[in-house]
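Mind looking over this structure? Questions follow.
Should a chain be cited, it is by its letter among A, B, C, D, E, F, G and H, assigned in written order, with residues numbered from 1 in that chain.
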Amino acid sequence: MKLEKGQKLLFIGDSITDCERSKPDGEGLFGALGKGYVSYVDGLLQSVYPELGIRVVNKGISGNTVRNLHDRWEEDVIKQNPDWLVVMIGINDVWRQYDAPFIKDWHVYIDEYENTLRKLVKETRTNVKSLVLMTPFFIEDNEQDRMRQTMDKYGEVVKLIAKENDCLLIDTQAAFHVVLKELYSGALAWDRVHPTPAGHMILTRAFLKEIGFDWNK
Amino acid sequence: MKLEKGQKLLFIGDSITDCERSKPDGEGLFGALGKGYVSYVDGLLQSVYPELGIRVVNKGISGNTVRNLHDRWEEDVIKQNPDWLVVMIGINDVWRQYDAPFIKDWHVYIDEYENTLRKLVKETRTNVKSLVLMTPFFIEDNEQDRMRQTMDKYGEVVKLIAKENDCLLIDTQAAFHVVLKELYSGALAWDRVHPTPAGHMILTRAFLKEIGFDWNK
Amino acid sequence: MKLEKGQKLLFIGDSITDCERSKPDGEGLFGALGKGYVSYVDGLLQSVYPELGIRVVNKGISGNTVRNLHDRWEEDVIKQNPDWLVVMIGINDVWRQYDAPFIKDWHVYIDEYENTLRKLVKETRTNVKSLVLMTPFFIEDNEQDRMRQTMDKYGEVVKLIAKENDCLLIDTQAAFHVVLKELYSGALAWDRVHPTPAGHMILTRAFLKEIGFDWNK
Amino acid sequence: MKLEKGQKLLFIGDSITDCERSKPDGEGLFGALGKGYVSYVDGLLQSVYPELGIRVVNKGISGNTVRNLHDRWEEDVIKQNPDWLVVMIGINDVWRQYDAPFIKDWHVYIDEYENTLRKLVKETRTNVKSLVLMTPFFIEDNEQDRMRQTMDKYGEVVKLIAKENDCLLIDTQAAFHVVLKELYSGALAWDRVHPTPAGHMILTRAFLKEIGFDWNK
Amino acid sequence: MKLEKGQKLLFIGDSITDCERSKPDGEGLFGALGKGYVSYVDGLLQSVYPELGIRVVNKGISGNTVRNLHDRWEEDVIKQNPDWLVVMIGINDVWRQYDAPFIKDWHVYIDEYENTLRKLVKETRTNVKSLVLMTPFFIEDNEQDRMRQTMDKYGEVVKLIAKENDCLLIDTQAAFHVVLKELYSGALAWDRVHPTPAGHMILTRAFLKEIGFDWNK
Amino acid sequence: MKLEKGQKLLFIGDSITDCERSKPDGEGLFGALGKGYVSYVDGLLQSVYPELGIRVVNKGISGNTVRNLHDRWEEDVIKQNPDWLVVMIGINDVWRQYDAPFIKDWHVYIDEYENTLRKLVKETRTNVKSLVLMTPFFIEDNEQDRMRQTMDKYGEVVKLIAKENDCLLIDTQAAFHVVLKELYSGALAWDRVHPTPAGHMILTRAFLKEIGFDWNK
Amino acid sequence: MKLEKGQKLLFIGDSITDCERSKPDGEGLFGALGKGYVSYVDGLLQSVYPELGIRVVNKGISGNTVRNLHDRWEEDVIKQNPDWLVVMIGINDVWRQYDAPFIKDWHVYIDEYENTLRKLVKETRTNVKSLVLMTPFFIEDNEQDRMRQTMDKYGEVVKLIAKENDCLLIDTQAAFHVVLKELYSGALAWDRVHPTPAGHMILTRAFLKEIGFDWNK
Amino acid sequence: MKLEKGQKLLFIGDSITDCERSKPDGEGLFGALGKGYVSYVDGLLQSVYPELGIRVVNKGISGNTVRNLHDRWEEDVIKQNPDWLVVMIGINDVWRQYDAPFIKDWHVYIDEYENTLRKLVKETRTNVKSLVLMTPFFIEDNEQDRMRQTMDKYGEVVKLIAKENDCLLIDTQAAFHVVLKELYSGALAWDRVHPTPAGHMILTRAFLKEIGFDWNK
């Protein structure tokens, strides 16, 4: 288990992370961590490793792109001073290009995405003990799908930046891939983006495996 | 993994099981399984064993005692024709003796509890492939606590009936016990009964371990 | 224009037809026809052919399959005594096979679909002056997509029954096909099923062209 | 078709334009364009000319007079930098003279109306590729009606300003006139101002005909 | 003053009468008489003639035609056993012919209107001390308006039946006529049917003058 | 009739005046004048004297004492520039002494009441054509009642100030007195303060009689 | 203390008793006893005499008269089988005579009141160990007040019936009398009927003193 | 009785004090004092000692720790200028250590608690006639319980500060102790913190006994 006693683990991202978390805190009692994978991760950490006393914080905000993360990075990451930082961003950067194709102001193209994410990661890497990058994903098994293709490219950017900066990397698309062999996309996400509980468990397991969580402890 | 392809897995119980599931169905899309351990179990089954195609149904109803289960057994269990049946009941049977001590009509004492539960289990055992009994629990580590003592006795009844009828048994109190060594009861349940996500993960893991679920599959 | 003065034009179907129409009437003032293609068709008929006095009725109900139409056919079609009857059904018959794959009770497989739709059409054909069948659709341009493939087969059934019974046929999938060359599916429907206003206009125009509506009248 | 690839088409006006559009954006997904003629125009443009990629923006605000447009012109028109600008204003300028006759502060009389509208049009004409003026209307076929008479005068002002400034002109009153021969005013608008879907389709068709939209494309 | 000590005065009609009265009683405290002319009549009777102790009951129901009154006459008139009965009906009978012209089931044409109203009046005339008929109205000063013309014909029917049965008659159209010389229809009713407080005062005064109410008492 | 063509008539006061009027305007369509005597006065003026075109404005605010009027006098009276000003204040000044006897900060005793009201009246008298003072009231016929006695004293202050400043004076207590001979206080006001419609008609008639309104015009 | 271990104490009455109690039970957790004197009595009994285990049930229903009690006596009293029965009724019987003087159907005059209450008490007296009658009250210190005079007569009836049937009697009017010497009625009840917390404490103390409750125990 | 005529009695604390009091005032009519012990104290003071005219103010705010009291002390205590000040704080200071053990920012440890409370008491002692300190409590009878042990230590701090500063002291834990011999904690508080009405009566009685309230006066 890579997490150590008393560490603070902060997640930042978009609606997949947000999931109705409390605002502005994103931590505390009564569902403050939301209803998605962050809450599942926290539930498993507290129930299996209660002695570690991991403090989990959720700073996801629905609809965010990397441009929004940039705007609130000081407030929601730096000032929070986490030991571990987990970033999953890019879905909306891509999605708006496909569902609102004519509103180009809302699109975050791959150059801006790459530059902004790299800048944030570089600046922050030494401030935290571990930095985890999760690729954005699209729950569609047709690799020729136009939006899937774009999302894969953004995922490649994430992988590159992770390598450059010694980050842990979670390939969420690959994690969904395994299950999509059995289940149609519609069984994991109404709109191929917002996962069902099963979809959030895929994210949860992918994250926990990477950090050395032991289910049978 | 004891679950087999295409099986139907039905949970019945009280508010711990219910957790805002859809009524009357208790299955389907959009949070129909509620927000508690049944949803977590389903999420993990679908994400790790999608090829099994397990159909999970939630028939918990808040506030129920074994007396209520008896009244709706035909409708909610027999007519549903599950392959696996999971029963967790008894918390309200005990709790009302302590939080509404003077309204004796609402109490289900241990004899009625035992007789009713045994009757339901016996009648149903041969109709299902597997029957799982989960003990009721009280998230309190002081074994001398009056309500905890009573709950433990109801738990003993469950264990006895499980043994008599060749059921799988989940000792939920024991599962909470491990975590209560580290966390105060208030961190797992506001009222020592309704678990946080961490508490529901304890139930989830206790159930899944018993049925041979492999996290690392 | 095939519609004649004073005729009653009744639409029946699922959520694509329903679109928050008034219940139970499905006609009248203040948005009683809902917000989808039925309302658009009515708006164009009243504004371009007010002298025809066409009475439009919406009997769509969200979530319906052909099985549900069968159950309410007497009440919602026969008793309504329409001159024109328009039927678009089948999306949920197929969709549940993909988004709730393990709840087989909810699936309407192709044999049941064909038999039921044929029975309803045959029984009703002579009661109405014109009967229009609209194929179900899936807003996905990948013809190899599993759900799209199934939907196409259901569409073939509709075409066959239309031919057998001298019905007008609207190939909605083909109508969407044209636009999907330009727009990604996500720009026409969040979930590839429930259309945006643009998607409803595609249905509207496909229907109106078939019945000889003249925009430039 | 006069619209060209990639152009931005902005509508500004009162409640007829607004129709519950999203505030403040007035563009995007999920009904952001409201429920009226702007949404219909957009739906038809996207479904028939998807390859043009027209960006439609709705800046209508209920209750507005030309005085209000003047106040928010910089923010809602100039800063938006549209290629096409469509203005329909004047109904409230007139209506308040008739339904709140004693609150003279709320009346915008014809001189102020003419001067303000001319100023706005003149200042903006060279900033946009095309400017469309739609006359205000009153859904009443009695030309002797007092409020109709006033509205017609305001319509004449619009026609004059359109001519002076090389604008496209939509005579909405004339468009309603055709249908009012067949339908009583009450069938097109509860209060002779806020149109039914049929009324909004009249506006939609009048606009689209003017810009060369081809239904049969 | 024609009302005598201790009499019960019952109003029946449509939305003009209803005005959010309490259901089903239509009498009592806290706005039970609604917000329209019935409440005003009651307020003036209790404040100027408190010694008479007149019991006012409101049995108006929004949307009603004479066909609806026929259906609930036994319950809402006969069983109530009023001393005075006031009937104002017919607006919806006419209006639906104009705002929902193609839904002919909803229209109550003049023959049915006349026959039904006459039957109700005849049957009831001897059961009550006084019966007051109020004509339906349309707040439009153009006598050539189509809907106004129809409404006037229904008004003539009311006058005829009043004469035949020795009823008091209130010509509400005439009462509005006086004010419409000064105020545009829109200042008295948004939709030319549902009056403002000023419009309800016109009805109030017309009624009270007929029954000999003395403002200066 | 003392009101002249085109005059603006402004009412200011407490909850008796307010009655859910629109804020901040207090004039306009759709119940902007509230549901109390101001609305009744307006309704009668517009229906009987439409040719005068009286503009009625309601600036009552629930819970106000004369201290509050003082604070908002510039904004709500002076800037409004009315021709006629009607003031009814004092009920809360007295009431709080009786229902919240120990919160003395909330009491406005008679000296402060007299000084403040006199100051406001004096300063404003020459700015308006007519100034009407209405006494505060308490709907209780027992003149020995403690709160009634205090209210009567405040009423005397109003009468004195009216005389000093050539104001019209409405003795509302006297107007209620007549009806209280017949009706128990509870039939005119649930709490002896907030009138029923009958109570508001008493205020309406008292006001209108004073200004020369002719019901039989 | 007259209450004995394990007894059931049932209150029945009108809104003073009801105070938003849970329906239909009127007992249990989370404010089931309402917010008035019944809840206060229960709170004091459980906190001072927890060893007695008194079960308190609230069967008050707002607006009830003795006529309503008669209708639900079998269900709400007899079937409940209480040891102690407390009845406070009559306020609405009287009040309606004063606040709705012309709706005589709603009045319960003193003969009906006396006969009905006597019948209920006689029939039930032997079924319960103790029966407590609380007089109705009117929070008005003027004994010449018309409604107070009537209420006092109803109170006399209660005293008589209590004496005839060996009931405990609580003279609530006398209890309020003491405090009304110091506080104006408006400080104890907005409408002289529904008490403030202080008013409910007066009822609580009057009841508890009669049954021998010892505050200093 | 230690309270004297005309004194102001101010309570400050956390949710136990707050109980939905009005914000920001915390005094006045219609439940402004909340639903807990402050309201009960006020109800008993006004009903038994109305002649003293005690003004009760509630400044409790849910979730507060002593750190929050410090921040609002100037506004909510000093500026209020009370004669009597009652402080009950510390429950959240302790509770967060147990229910949110990893969010250490939210914990107020005993040194900060003691220093802050002492500072506030010292600074204020001479400004008020009497200062009452109520210990924080935990409704749990097991003295070995971890959270109970901590709460007891905070209680000791309160006792010490009370002694140092000549304050009245209410040992609330001791008051609950008596009842906990008979009733299980769950019957007095769902979560062992927020009391039922019985629990609030325990606090009420503990406070009133200390200040010399005489129930039998």
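Criterion: a residue touches a chain if its C-beta (ideal position, glycine included) is under 8 Å from a C-beta of that chain, and two chains touch if they have at least 3 such contacts.
Since the structure is predicted, the reported quantities are computational estimates derived from the model, not experimental observations.
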{"item": "Chain pair among D-E, G-H or B-C whose interface repeats that of C-E, sharing over half of the contact pairs by residue number", "value": "B-C"}
{"item": "Distance between chain centroids, defined by C-alpha means - chain D, chain H (Å)", "value": "63"}
{"item": "Whole-Å gap separating chain D and chain F, where each centre is the average of the chain's CA atoms", "value": "45"}
{"item": "Chain B and chain D: spacing of chain centres that average the CA atoms, whole Å", "value": "62"}
{"item": "Chain F, residues touching no fewer than two other chains", "value": "29, 99-101, 183, 187, 190"}
{"item": "All chain pairs that touch each other", "value": "A-B, A-C, A-D, A-H, B-C, B-G, B-H, C-D, C-E, D-E, D-F, E-F, E-G, F-G, F-H, G-H"}
{"item": "Residues of chain D defined as touching chain E within the complex", "value": "95, 98-101, 142, 144-147, 183-184, 186-187, 190-191"}
{"item": "Chain E partner contacts - residues on chain G that touch it in the complex", "value": "99-103, 106"}
{"item": "Residue ranges of chain D touching chain C (in the complex, touch as defined)", "value": "29-31, 33, 35, 39-40, 42-44, 46-48, 50-51, 179, 181-183, 187, 190, 196-202, 205, 209, 215-216"}
{"item": "Contact set on chain H toward chain F in their complex", "value": "6, 27-29, 53-55"}
